[in-house]
Amino acid sequence: MTVSYVIKRLIYLVFTALLVSLIVFSVTQLLPANAATMILGEYATDEALAILNSKLGLDDPAVVQYFRWLGNVVQGDFGISLRTSQPVGPTILNAFGRSAILAITSLVLVCIIAIPLGVLAASRRGKPTDLAVSLVSYIGVSMPEFVLATLLLVWLASPSIGLFPASGYVPFSEDFWGALHHIALPVLTLTIVLTAHISRMIRSEMADTLEMDFIRAGRLRGLSRRRVLFRHALRNSMLPAITVIALDVGYLIGGVIVVEEVFAFPGIGRQLILAIQNRDLPMIQAGALIMAASYAVANLLADLAYGALDKRIKY
Amino acid sequence: ATRADNTLRLSVNITPGVLNPMLSRAAAEYMMSEMLYSGLTSLGTDMTAQPDLATEWSSNDDVTQWRFTLRQGVKFSNGQELTSKDVVASLRKLLDPETGAPGRRNLGPIKMVEADGDYTVVVTTETPFADLPVALTYPTAKVVPADIIATNFDSLAQVPVGSGPFRLQEFRVDEVAVLVKNPEYFVAGLPYLNQIEIKTFPDAAGSTAALLAGEIDMIHDVQPTDFARIDQASGVSGLRTPSGRFLDVVMDTTVAPFDNILVRQALSYCVDREAMIELVADGYGTPGNDTPINAAYHYYADAPHKSYDPKKAKTLLAEAGYPNGLDLELIASVKPGYRSTMAVVLREMAKAGGFNISVKTMDHSSYLDQVWKKGKFYVGFYNMMPTEGMSFNLLFTSGASWNETKWNNTTFDEYVRLADETTDSEKRKELYANAQSLMQKEVPALIPCFFDILGAKADYVNGYEQHPRGASFAFHKIWVGSNPPTKS
Amino acid sequence: MTQTMVLDIKDYSLTYQTQSGPIRILENINLQIAKGEVLGLVGESGSAKSSLAYSVMRDLPGQVELETGSMWLKGEDLMTMTEEELMHRRGKQISMVFQNAATALDPTQSLGDHVVETLQAHQAASKEDTLKRVYELFELVGLPDPILMANKYPHEVSGGEKQRVVLAMAISSNPDLILFDEPTSALDATTAVNMLDLFAEMQKKIGVAGLFISHDLGVVAEVADRVAVIYGGRIVEVATVDDLFANPKHPYTQSLLASLPRPSDIRNKRGLKVDEGTPPPRRGEVPSCNFSHRCSKHDPAICDQSRVFLEVQGDRKLACVRPDVAVDETQASSSDILPATTDVVLEVKNLTVKLGRTSLLDELLNKEATQVHAVNNIDLKIHRGETVSLVGESGCGKSSLARALVGLNSFEGELRLNGRDIKALDEAYRADVQIIFQNPDSSLNPRHTLETILSRAIKLYRPDIATDERSEAIQKLFEQVRLPAHYRNRYPHQLSGGEKQRVAIARAIAADPKVIICDEITSGLDAAVQAAIVALLRKIQQDTGVALLFITHDLAILRHIAHRTAVMYLGEIIETRSISGLDHAPYHPYTEALLSSASSPDPKTETRQVRLKGSLPVRTSLLTGCGFESRCPRRIGDICHEQPAPMKEVVESSHVLKCHHEIVDLEHIEPVWKFT
Amino acid sequence: MLFLIKTLRALMRSPQGAVGTVLVFLLLLISVFGPLLAPQDPESFNFGSRFAPPSAEFLFGTDWFGRDLFSRILVGARSTVLLAILATFIGTASGALIGIFSGFVGGWVDELIMRTIDAIMAIPGLLLALMILTVLGSSSLNAVIAIGVAFAPGMARISRSTTLAVRELDYVSAARARGESKLWIIFAEILPNMVAPVIVEATIRVAFAIMTLATLSFLGLGAQPPSPEWGLMIADAREHMFRSPWPILAPGISIALVAIAFNLLGDGLRDVLNPHSQE
């Protein structure tokens, strides 16, 4: 792995981010209505609209708007939210931070649960354990987040049980246990869905690896079952798993959007939906950019990790 | 006795976004500006004008000129004294089309605003306008310092400068706004509360759960579906006030098929109004009679409700030239949720009457852009207005700024104009009754039911009087009792 | 007797259950291996050689339907052992070396750790002792610089080195028995022969018993004491190497040997037997003799009376009830190759092929492209009716040249077809120069019927054939390559390997080409099938006068098809010579080593040993000196490193070679083969 | 045809394949004949039986308008399942074509296409669909298009990598050496040999499309009320979730079941179409 490889990837990353912003911007240009309509709401008059449009610079040609936006971003200025008149940068970073807590907690939990589960299933192929794990993971991957989340809400947050709050968010800085209590359901939802996904993946990777010659060779050298399973099979299955987990970051981000909506969790997903609903262009752009960047960075990290772990890969 | 911290934690469902009081549009924003600012008059729960900055007011005989006497010694939060020049500047700014203030057209036909000395403001109207003191209770009609208007109006979006009972301490969009007691408030002894935390719970279930768990003390706006549940729980109680808030089905009376009065009438016979209340408002409402006025207003004319009569509807429709029924597309914005519920229920009810309605929902932005005031058949939503005249003038007179139906009935216009210009209550009653019955007959819009204002609070919250208009709150009169929530 | 045997398999049978019913894998196997003895096991692909090895290891891949008999390892019955007990035997008492070392090693584990792990599984020892033992073992299997080696990962070393590591693991616990499952077939000839030497040496040193599996009789002959021939899951003949080669008794063994080329074939004018039999039935009724369906001396009255078992018959064990009836040898093709003409069809001059792709960003970043000079500056001529064989190690650039000639690789240099200068490969050129690929499984589109495959070629190249006559043309092609006509609607996967290759040949000759390039088209095939394909090509050449560029790494088959051979090393043709002179010096030192590494099943031929060390380097930039210099056993000195070797002509003008040695010096070299 | 029968037979042999095939078959039947099977009008209100629990009259109970959930599920199957298949088809077909083209042409065209696809894939699919739908306006058909567009890049990537693998195979080299046209090579040589992985992927994606479609309806951007689209049913039922769980459970379990069916079928197909598993 060379420095030049990393540089190359970073260039790609910037290129990707640029392309993402361009795509998102183009799509937003097509959106019916604009921020001014939303700001004025059901009180708009044509003159008021025109005034607000020119004040917000929404009447400039799209190209001018895009490059103005880009120019500011390059200087680290993400603009002012059209919906709330608050600066976009801090708002989106805050929201992102909260979402990241959700995502990372889920991801860590998933890794702790899913990997052993997948290994277990693969090593007992066709046995009841495998069937049980497979069945559960089938249900897990087949349950859209919003269904799962709603069901959890009905069961665990219903007034009669009231185990968890139905929604909202408490900052960790304010009340640690309260915060934990509040993220429990969203994290549970994401974890269940992702665990199903990743354990299934690990299982199939493992199953493939277990068919490989070197597994048989290990067995026929008299190595113990455990060693063959964990030292050889798992390690070789983890490599492709890393890539898939990184790709799942994209999936996770999508899941986060839904889960935040269901649990009214003030993260980046909700922020983006609000922004789209309100045609809050700077916010949409910043949100999409930050999501795309986290996806790209996750993939980059995965590739680097892959390169570090798998001695065969030469960048 | 009050609770030690005397802090009220309140939930709203839409985050207050706009802080500038003249630009605010939503209930949560009105709430904030009411706490931070004062106006000339405020709206009582009986829909009359109450003193706020103005302690008394009077008009000339033909009600074209009003004099307001201001309180003395009122201080802005920046320490400046509030005088008539601030009131004049504020009202002028509000009326300036450049400002783009949402409530500009709701204040009445104001021609001129002038100061008469430091503590008197004179307002002159184009035409006689008896309701001016009530009109000036409009939530955006708040007073801000004249020099800020002149030099730095935009700064109000971040830093409020007002004379209300509270002052802003912290504001995080989409999360929380913390307001603290204004020690210099002009009414001695008020407010009772030391602090108010306004928390945003976009999800109704969330705020309900939070209230039940004792994490908040009060919900400003409860969904009809949650109300019974809250009301039954111990330690909390539901608040319910009949209101003039309504959903209407707007029909553009200038285009086919709605230019045919028979079609509109047919549709109005397709509504089972009691069932509608049950299905759309979960029973928390009052039936509507296709006029924006109900019993919550002064001059409500109690007429028998139209019955659900699909047969008659069919006959009318056939008469109108649609013997085989009529296909229509009804558009409903997704905000608030019961717009589409109403659309679906209407669709089902109108089937029997020969209407084949398909429902199309739309996100609110697109709705505002493409449908509102433009579409020919859609679901509108309006809060209660302070007066009958404002409601009519806003929606149904020919010159109404939100003249969605383009009904433009000169007889109706005349009734409303005459009522505006008179102070004689009997005469007004008659005129408004005529206007209402005309609407019932001609059905420019379908107004099947009104929604009650629903809220909820913990039992230890005292002094709160729910306002039927839904845009006034009087938080300065609330205190938190000594049986505080037992929080885990 | 059982007590002295290391392995004693008694009447072992195995049946698997599959989705389409039970399948007999092994039937009534009886085999013994004594201490210190190496038993060779040969048989065609699918004859259940590997299955037998897995049975011995007690690691059955299939779903067992029925398993009978017994299997004794030094007096202990393997078949009754628990998994736990087996774990302690495997790798300690009995180890196995797989066909492909590349896949038998965990890519994420260093070579040293592999051995350490194996050692630790069987005996407790301190870390240092274990490591010391690892280095010892590495030294033993001929890995230079063991410490460096131990830290390397599988992908960092060559195939031969990997196989040595596997061997080191196999012998690490001084086992009683090692099973070798085709341990050399994935290796290059020059590497394979080194490995064979090593096995023999190892065996001598530690006296371990071995079961050596191979489909190549020649290879088995090098290492085994006795040979067992397996056919369709049954052992048909067991004898000592000498007895078996000198006097095969079972008709299958005889046929197997008859289709195997030998170095002495040109001298003896020996042709190869062409017999592509179908494999024996493994399902349904159990035949009394499973070779009878292709046996020329099959007599139902005698052979089908009762199950024919393996029985002692004289100096050997044999499963045949008519051993003394002779087989007629008329099926053997003649060894004569018609002489070629002197008109040049295809000529290349200074042809260079560079491979390696650069990305857009690399180009923008001005990064230097890492290109491989797969073919470097070669000259080659092919005459009408002539077969030129191109030989060389894996990776030397044979395929790159072939692909360049048919427009699949871009190249620099001159190319002439029938004297016509070819700048861009046009329609006419493409029709005239056809290619057949090595792997018949991938060279035919699995989703097309044979009809589609052939009609495409006709449509493209033979516009003279009208659409409605195409069917007839296809018919003719089928006849030409001797495929049954009813195959035309089949899909490739319904054919055997040899049949697929025939389809590929049919596709190539559909264009009526001037040149056919055959890229290792026989290397995946069993000997009998290979002989048949070679015969078919010769027939086609006789009929059409087509020129062939026959790429192969199998030097034994050359004598049966080629007129001339070109030897390639590191992208360069270092020698071109006629086949008739193959048995005589002068040789290029590389050619000499290459020829010497071809294994010979002929007990009457002695092959002189010339061994190469190391493996083929990659040619990225142009070398200054001779490409072979780094491995050359006859390296002169610095001149080899500093100056490119000059092309020298041997008296006979069609023989040229590229070497710093004087031709006269090379002429004194002993011949590679001694025929007795 | 023969191929189809053979595949089916092979499918029936594995438990996943068998269960998946049968379930999917049943589902398709329901999708087509659901409206005929429904015991009640899915839209008519039963004023007297709002929030009824499951009973003989209402197999799955009723919702807040007293509509029969069983009938709604049956009728809604069509808009859910068939539209998901359509969406998958759009995404798969366009993605596969882009992927093959990109992989086959190679060079900077390939690089440009792939970088663009990387960028699109970096935008979460749901977000992309959300934006597209906001542009096009909410409707089931637009949701189908949005999902199709959101699926295409992933599909393009898969088919590109398959193309790259197939492209290196000798029969493609043979076709190139033969001088076949690019169209022939793409459509006759490469395409048929990459349908297997693409079909497997597509089957599993149907499950995903069903979920995404439901999610979009849930977010208010797909089907229009009062259509009995399952995601929309859940979205609307959420308000009433503490009064009766059935309006959520019925469509929720249905969605999961359908997704499971397609996942099973996909996994079954993966095993069957995998060349290694063929005899």
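Points to keep in mind about this one:
Which chain is which? They are A, B, C and D, in the order written, and residues in each are numbered from 1.
Here is the rule we use: contacts are C-beta pairs under 8 Å (C-beta built on N, C-alpha and C of every residue); 3 or more make two chains touch, one makes a residue touch a chain.
For reference, the UniProt names are A, D = ABC transporter permease; C = ABC transporter ATP-binding protein.
Note that the structure is predicted; figures quoted are calculated from it, not measured.
Chains that count as touching both chain B and chain C, per the definition above, are A, D. Put simply, the C-alpha centre of chain A and that of chain D have 22 angstrom between them. We define each chain's centre as the mean of its Cα atoms; on that basis chain A and chain B are separated by 40 Å. Note on chain placement: the centre of chain B and the centre of chain D lie 45 Å apart, centres being C-alpha means. The mean-CA centres of chain A and chain C are about 51 angstrom from one another, to the nearest whole unit.
Touching two or more other chains at once are residues 205, 229, 363, 366 of chain B.
Of all residues in chain D, those that touch two or more other chains are 134, 137, 238, 241-242. Touching two or more other chains at once are residues 12, 31-32, 153, 159, 277 of chain A. This structure has the following touching chain pairs: A-B, A-C, A-D, B-D, C-D. On the chain D side of its complex with chain A, the touching residues are 115-116, 118-127, 130-132, 134-135, 137, 207, 211-212, 214-215, 218-219, 231, 234-235, 238, 241-242, 245, 248-249, 252, 255-260, 263-264. Here chain D touches chain B in the complex through residues 43-45, 47, 64-65, 134, 137-139, 220-221, 224-226, 238-243, going by the rule given at the top. By the touch criterion given at the top, residues 13, 108, 111, 169-171, 173-180, 188-189, 192-193, 278-279 of chain D touch chain C in their complex. By the touch criterion given at the top, residues 57, 59, 87-92, 95-96, 98, 100, 103-109, 117-118, 121-122, 153, 155-156, 166, 169, 361-362, 365, 367 of chain C touch chain A in their complex.
Interface residues of chain A facing chain B in the complex, by the touch rule stated above, are 31-34, 37-45, 47-48, 51-52, 81, 83-86, 91, 95, 153, 157, 159, 162, 165-169, 262-264, 266, 270-271, 274, 277-279.
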